[in-house]
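For reference, the structure I am asking about is given below.
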Amino acid sequence: MSDFISFFAQSLPKLLDGLSITLFLTFLSLILGFLLGISLALGRIYTPKIISWLCIGYIEIIRGTPLLVQLFILYFGLPSVGIRLTPITAAVIGLSLNSGAYQAEYLRGSIQSIKSGQMIAARTLGMTKIQAVAHVILPQSLRTSIPAWSNELIYLLKYTSIAYIIQVVELTAEGKFIAADTFRYLEIFTMIAIIYLSLTVLFTEIIDRIEHRIRIPGLGTKRTTLLRDA
Amino acid sequence: MHMLEVKNLHKRYGASEVLKGVSFTMDKGETKVVIGPSGTGKSTLLRCINQLHPPEKGQVFLEGVEITDPSVDINKIRQKIGFVFQDFNLFTHLNALRNVSVGLEKVLKMEKEEAEKRAMHELKHVGLGKFAERYPAELSGGQQQRVGIARALAMDPIIILFDEPTSALDPELIGEVLEVMQSLAGEVTMLVVTHEMGFARNVADEIMFMEGGCIIESGSPKQMFTSPKHKRTGEFLGKIASLYGEE
Amino acid sequence: MVSLEFDVLINALPQLLRGLENTFILTAASLLIGSIMGIFMAVGRTFGNKIVSTAIYLYEKIFRGIPLLVIFFLIYFGLSQIGINFEPFVAVVIGLGLRSAAYQAQIFRAALNSIPEGQSIAARSMGMSKVQSIRHILLPQVLRLSIPGWSNEFTIVLKDTSIAFSIGVIELMRQGRYIYVLHPEMILPILLLIALIYFVLVISINKGLSVLEKKYRMKGFDLTVDR
């Protein structure tokens, strides 16, 4: 047991290095994905046919192909057309582009769950479409998207581990390196599993509390879009 | 010049024609009530007037200006036409006060403080001053509808359209809404679609009976209830009156 | 430099299809394990006692809270450390299967909970035992109601088989790699072709299952499934 503890203590610094990369990838991709997601969701619902179709096309393609393939295309495929990305850059771009498509769908679900009468009421007050979206639709749909958003956060936290395969030295990669040296796969990856699990529980708890704080009576959270993680 | 002039409105939905040439006028301060069987285009009429569903044929003039003209800025026009919905359509994420003030702030570009002051005034007007902080989900149906009326009033419209304002309410809550509407009569020009015969009889300056997309007959309440010209009018009014326990 | 030599692509197809075959087997096997375990777990959490319920809850939390890659490493590398050796293929099936069970348990449980309690009560009042009411009244409906969530899980497992690449399983991704390692200038077209293959599969599965769902839809009873 004391051997386990000293092993743990020895490995910790490297694991924390990896963890910082993991968290960096997670949060940056979540935020960029969010910006992309809003644009796609609004683009899909409120713009004329051509732009709307492009948004739908993008979303379907991203959701229909594995994240790993997307990362490979960015990291291994692009150099052949002259674009060379560092592993981390490719990972951030890939994760953001991927997350954006999913977040767009969650937001779309939230937007469509708002009764159409509210849009009509906003227009009868004289609001333009843009004003109605900004002051009536978005404030509500962003709130009702929070559960989906928290799921996306957890998803990204876990799937940043795939960046290991395109040579990003995040938490799982650090673990693999230590294990390759020491052959102590079981201990190291159990530690890593515990780290991921703790973060998952922590993040879920934090977001639950935030959601509770900004809750508005009557603003439902009936989810109609299937999430990719729970 | 009439405040509102509706000329020969026609509206189709798919294959069926819902409005078949509706015309009437309204003057300042008048209260007109539209009655008739369901599905005869009464709601459609209101939505054609504020161009939510533009008519295929016909014109609508507001204070002499033709609002059916496509070159007109419809958002500016809508600021002058208030609308009260059967399903209230309050903004779920805003409390009562903000529901009333949001139009003032974002559309009329008032300062937030001024908008909220005005909103509070309107809420008090409809008897809900104490409920300003409540969210729609925390209000009864009747209270929600009164907030809806306050929201329409706050914009200082020159006319308010009421689309079956009490049809979605429990019977005991209807009274409070009708009371508010009654208090507005004479000051505010109102076009009301409703089944509430008592309101029609006591408050309307004129009643219009619509069926099959046309106005069959219109006249003062006294005339319509006691000596209607058309058989259909008499039948309908008679049936409704007995349903509501009126003599 | 990218070059588009179509004959390379055409010749690559048989190899890619071999990889695809493994992808199919991985997907099917993992889903099967996940479904069987998932149904038992859903029933266990709804009808079981506190201990069973909590154990299942913990299982779900753990397998939904750690990355698939870590699960693979633990099963393939970690277990071999204590003498349990799996082929990479088997390790992946076990890993994907165990994880899928955690998600499918939730899908089935949501479906189960959406069936009004009155039906179970009616079944018991007729004299059915608990097991009978579950088997004859609840499960048939649960399966139908779960189709949307299950179809979602299906495509997720299919796409995640690509991660098996990392422990050397020869599925679609790895076959692709063998090809573009020999023809580096074709790497982009090959990756795009692989993406296309996945895409076609995902669309087909979604369409297919949605047809199934429409066919078996119970009128008047819609479920909004949460994952």
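By letter and in written order, the chains are A, B and C; residue numbering begins at 1 in each of them.
Keep in mind that, in the parts below, a contact is a pair of C-beta atoms (placed from the backbone, for glycine too) under 8 Å apart; a residue touches a chain by one contact, two chains touch by 3 or more.
Computed from a predicted structure; not experimentally measured.
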item	value
Topological distance between chain A and chain B, in contact steps	1
Most centrally placed chain - per-chain CA mean versus overall CA mean	A
Greatest separation from chain A - chain, by CA centre	B
Interchain centroid distance [CA atoms averaged], chain A/chain B, Å	46
Between chain A and chain C, centroid-to-centroid distance (C-alpha), Å	20
Centre-to-centre distance between chain C and chain B (centres being mean Cα positions), rounded to whole Å	55
Of chain C, residues touching chain A in the complex	1-2, 61-62, 64-70, 73-74, 77-82, 103, 106, 148-149, 152, 155-156, 159-160, 162-163, 165-166, 173, 180, 184-185, 187-188, 191-192, 194-195, 198-199, 202-203, 224-227
Residue numbers on chain B that touch chain A, as the complex places them	50, 52, 75-79, 81-83, 85, 87, 89-93, 102-103, 106-107, 135-138, 151, 155
Partner chain C, residues of chain A touching it in the complex	60-61, 63-70, 72-73, 76-78, 80-81, 151, 154, 158-159, 161-162, 164-165, 172, 175-176, 179, 183-186, 189-190, 192-193, 196-197, 200-201, 222-224, 226-230
Chain B partner contacts - residues on chain A that touch it in the complex	114-115, 117-118, 120-128, 131, 135-136, 139-140, 143, 216-219
